[in-house]
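The following pair of complexes shares a single chain, chain A, combined with chain B in the former and chain C in the latter.
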Partner chain A sequence: MDILLSEPVQALVAINVLLTLSLLFPFAAGVWSLGLPGFMAVGAYLSTWLTMQMGWQVGPAIAVAGLAGAASTIPFALLTLRIRDIYLAIATLAAAELIVLFFSHFKPTGAVMGMTGMPYLEVHWLLILATGCVVASSLLYNSRFGKVLVAAGSDPMVAACHGLNMPTFQFASLAIGGLLAGMAGACFAHYYSFISPGNFGFHRTTDILMFLVVGGLTPLGAVLGAMILTTIPQVITSLEKWAPAMYGCIVLLMAVFRPAGLLPKNQLVKIFVTKKSDKNKSRRHLVSKDA
Partner chain B sequence: MLEINSVTKSFYGVNAIDKVSFHVEKGSITSLIGPNGAGKTTLINMITGVLLPTSGDIKFKGQSLIGLRPHQVGSLGIRRTFQTVRLFNGLSVRENLLIGRIRSLLGISWLQMLLPMNLGDMEGRRRADEILSLLELRDYADELATDLPYGIQRRVEIARALMGYPEFALLDEPAAGMNEGETDQLVEDVKRIRDTGVTVLLVEHDMSMVMRVSDTIVVLNFGQKISEGSPNYIQGDPQVIASYLGS
Partner chain C sequence: MFTQQLVNGLMLGSVYALIGIGYTLVFGVLRMLNLAHAYIFTSAPFITFALIGASVSPMLALFLGVVGAAFLGVLLYLVAFKPIPPEHALGGFVASLSFGIIIQVVIVNFYGSQPKKFPTILNLPDFNLGNVILSGVQIGSLCISASLMIGLLYLIKSTRFGRNIRAIAQNQMAASLLGVAVPAAVLLVFFMSSALAGLAGLMVAMRFESIGAFMGDMYAIKALAIIIIGGLGDVRGAVFAGLLLGVCEVMFQAYAPPGWSEAFIWLFLIGVFLVRPEGIFGVGIKTREI
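So, the complex of A and B:
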């Protein structure tokens, strides 16, 4: 179990948790955007530039990288006005590839060779940031705003007929995803002190998508999925090269036995609600006795 | 209250609705009936901004609804239910109702957006309780809406439509799939809704229900209005009988 507490594993878990949460918000709202590696690259490169060229501290650089990640979702948001569902997934996938392609050819960022030498960020900062984002995401997901996102994901047309302006909420869900991905990208850059376009490829999207599928479409599900699937190949290091095959088997088994993920509903709310309705039932029972 | 003036909707050259005109009086229950494919739902979709009419005009309290988006029509005080039950998956009955309050909150405070559903907005929660009592749904308030029996889900849809204090409610086949007892209850519900000051436009197949609740009935067949009048008049109209039973 020592391996679980090692710093590289902790860092990887923290970054993957951030990325999984970044995919959760648009997906909960029914916006199937796969632009995640693009937003992550924007955050990573911006934070690198700010710290190395402009002499910024790492903390503010990560915050600004998050905002830049959110801003870079604007073209993706415009896409959502025209196309949706699987078509949106393909278009955003291509758009994210374009961002990464730009960095592959942009000489000042080292093109395909990438960049190195960013200021190092201690692991405990990553853990604090990730924990903060998990708490904030859970609160947001259970707020009125979060409920509107769930409603939009369930049936956008019905939500619109109840006076909710769908595009604004869909844009906001994308922007939150971009914010988290941008910060995750910056954390990646400062922990590994090396980035190259190869770090932001399609494999990143598929990994994170899998964490979300296994965990379920809730903040706690996302966290659980990311933590379990990130640590499994690390625990059995001798099997690390088999990780893709293991992931494949896990996803297949999940699809058969628990298609909605490990935590498909908000468990905390569920416990609270069951308690309450039990109380109601007993009260109903009393009423009928009186009658 | 609602004026429909020679509205036409054509899909690829076929007129699903052909120059239909009628008025809905304030405080009335008006029913729109007609055989399958008569264009009833198409008409509702045009009123609520889901579809754009090819020609003609739709006015609500003198204001044209043409070109408004669904959420704009919704915030004018027009709410609807759907032909198939379309409740929000993953939300409780109460949350399904409160969702309809949120747009108006947006204007007041972003901070309230970030609070959980059960904090703040006393007025909204009071309204939700009021409607749940009106439709006798209080016992189900905290259950997941999509876990409930079908007939109750249909009534939750109506409750949700009432949440935003609509002046005008469009009910699209509320009795579809209901048994006789549930339909009887629905008749009472619709009358009670009207008595709270809501004008109702009902699209329905169930003749026994339509004849019991309507003040005025509009009959569509193949996209055209073939008759309009009181339930007694419609029951005796030879053209209506022909379109339903075949001549």
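So, the complex of A and C:
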């Protein structure tokens, strides 16, 4: 178990949790945006520039990187107006590739060689940030806003018929995703003190997507999926070479036997609802008798 | 120089087209992306490589490479598409990706991640036409892919099997009510599409005489661009878009600053989505349908 408490594993888990949450919000709202590596790259490079060239502190730089990640979702949001589902996934993938392509040919950021020498960020700050984001995401997901997102995800037509302005909520879900991805990118830059366009490839999206599918489309599911799949290869080091294949098998089995993920329902809601429903017990009894 | 580049572009484009045809056929019948396609592309040269290592005759090894890839495709359908509940929106996407990753990890663990030398199987002479040099392998694979493309276009347009596939692509429920054996047709589509991917993989391996576990990655996302520009489910479109992108890529690499050839593909892809979502020939699946 010592390996689980080592700093690199904790940092990896914290960053992966942030990234999985950033994919959760658009996906919960039915916006299949795979632009995550692009937002992450924007956050990482901006935070690097702010700390190294402008002499900012790491904290404000990460915050601004998050905002920049959110702002960089605007072109993606415009795509959602015209395209949906799997087609949107492909279009956003292409847009993210364009962002990364820009950085891999942009000389001031070191092109494909990448950049190094960012101020180092202690692991406990990463953990605090990740925990804060998990709590905030759970609260947001359980709020009225979160319920609207889930409604939009399960049936946009019905949600629109109930007077919810779909584009607004889809844009908002993308922006939240961009915010989290931008912060995760900045954390990545400051923890590893090295970034290159290779870090923001397609494989990043697919890994995070697997975490989300295994965990389920809820904040706790996302956190659980990210933690389990990130730590498994670290614990079973003898199987390190086969780790991606193990991921693959787990995802295949999950997709067949538990398609909605480990935590498909919002467990927090469940706890609250069961407590409240004690009061309603008598009424439910009556209803069943009528039927 | 320009003619040479054009020929190189057509060569690359014919590989793209072979990959794209299989990809677009599978999308047509299932409405799901088969992300394992590029990994099946990689598996065929490795099957051939392993068989040649086991002293099977090279021609037989080439044939078995294609057949092996085809059966891998059937296995892919049975494992990663058939058992997934249809209401699982992302199911086919992640399941096929996982299958592909498993193939890749198996290859990496048996052959390492470094590129390997692929043996020269066909010793064909080079042709010199004016100032254009064509290697024998290049001409051979250009001929094979051209005849395959024509054959496939005929198959899709004029045979019973082709009509069945197009019917399934339009409306699976209606097709099955009208007596199309949907499961058999889908299996056959997977068989064909993977055989084509395997063949493309072998052509690339024979051309560059080098294979690596990650050789499919470059083609994986570009194949997406090809099937969308051509129109999802449209075989003619896949052929045309494959050739077009191959030529454009080589031309951009030759005459434009680095990076522009890829940027061109992505911009073209997004542009097609925004302006003409049904693809260049306008008979693919429209993206706005609900």
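Observations on the model:
The working rule: the second predicted complex is superposed on the first by the 273 of 291 C-alpha atoms of A that agree within 3 Å, B and C clash if a C-alpha of one lies under 4 Å from a C-alpha of the other, contacts with A are read in each partner's own complex, and residues count from 1 in each chain.
The rule we apply is simple: contacts are C-beta pairs under 8 Å (C-beta built on N, C-alpha and C of every residue); 3 or more make two chains touch, one makes a residue touch a chain.
This is a predicted model, so every value here is computed, not measured.
Using the contact criterion defined above for the overlaid structures, shared-chain residue A:Asn142 touches chain B, although it does not reach chain C.
Once chain A of one complex is fitted onto chain A of the other, the partner contacts of A:Leu209 are limited to chain C, with no touch recorded for chain B. By the document's definition of touching, neither partner reaches A:Tyr120: not chain B, not chain C. Between chain B and chain C, it is C that contacts the larger number of residues in chain A. With both structures placed on the common chain, the touch criterion links A:Leu164 to chain B but leaves chain C unconnected. Look at A:Ser154: by the touch rule set out above, it reaches chain B but stays clear of chain C.
The intersection of chain A residues touching chain B with those touching chain C, taken from the two complexes, comprises 157. Considering their complex, residues 48, 50, 69-71, 73-75, 79-80, 82, 86, 88-92, 95-96, 98-100, 102-105, 112-117, 139, 142-143, 160-161, 163-164 of chain B touch chain A. Per the touch definition, chain A reaches chain C in the complex via residues 32, 79, 82-87, 89-91, 93-95, 97-98, 101, 104-105, 157, 202, 206, 209-210, 213, 241-242, 244-245, 247-249, 251-252, 255-256, 259-260. Chain C meets chain A in the complex at residues 31-33, 79-80, 83-85, 87-91, 93-95, 97-99, 101-102, 104-106, 108-109, 220-221, 224-225, 228, 258-259, 262-263, 266-267, 269-270, 273-274, 277, 287-288, 290. Interface residues of chain A facing chain B in the complex, by the touch rule stated above, are 139-140, 142-145, 147-148, 150-151, 154-155, 157-166, 265, 273, 276-277, 280, 284.
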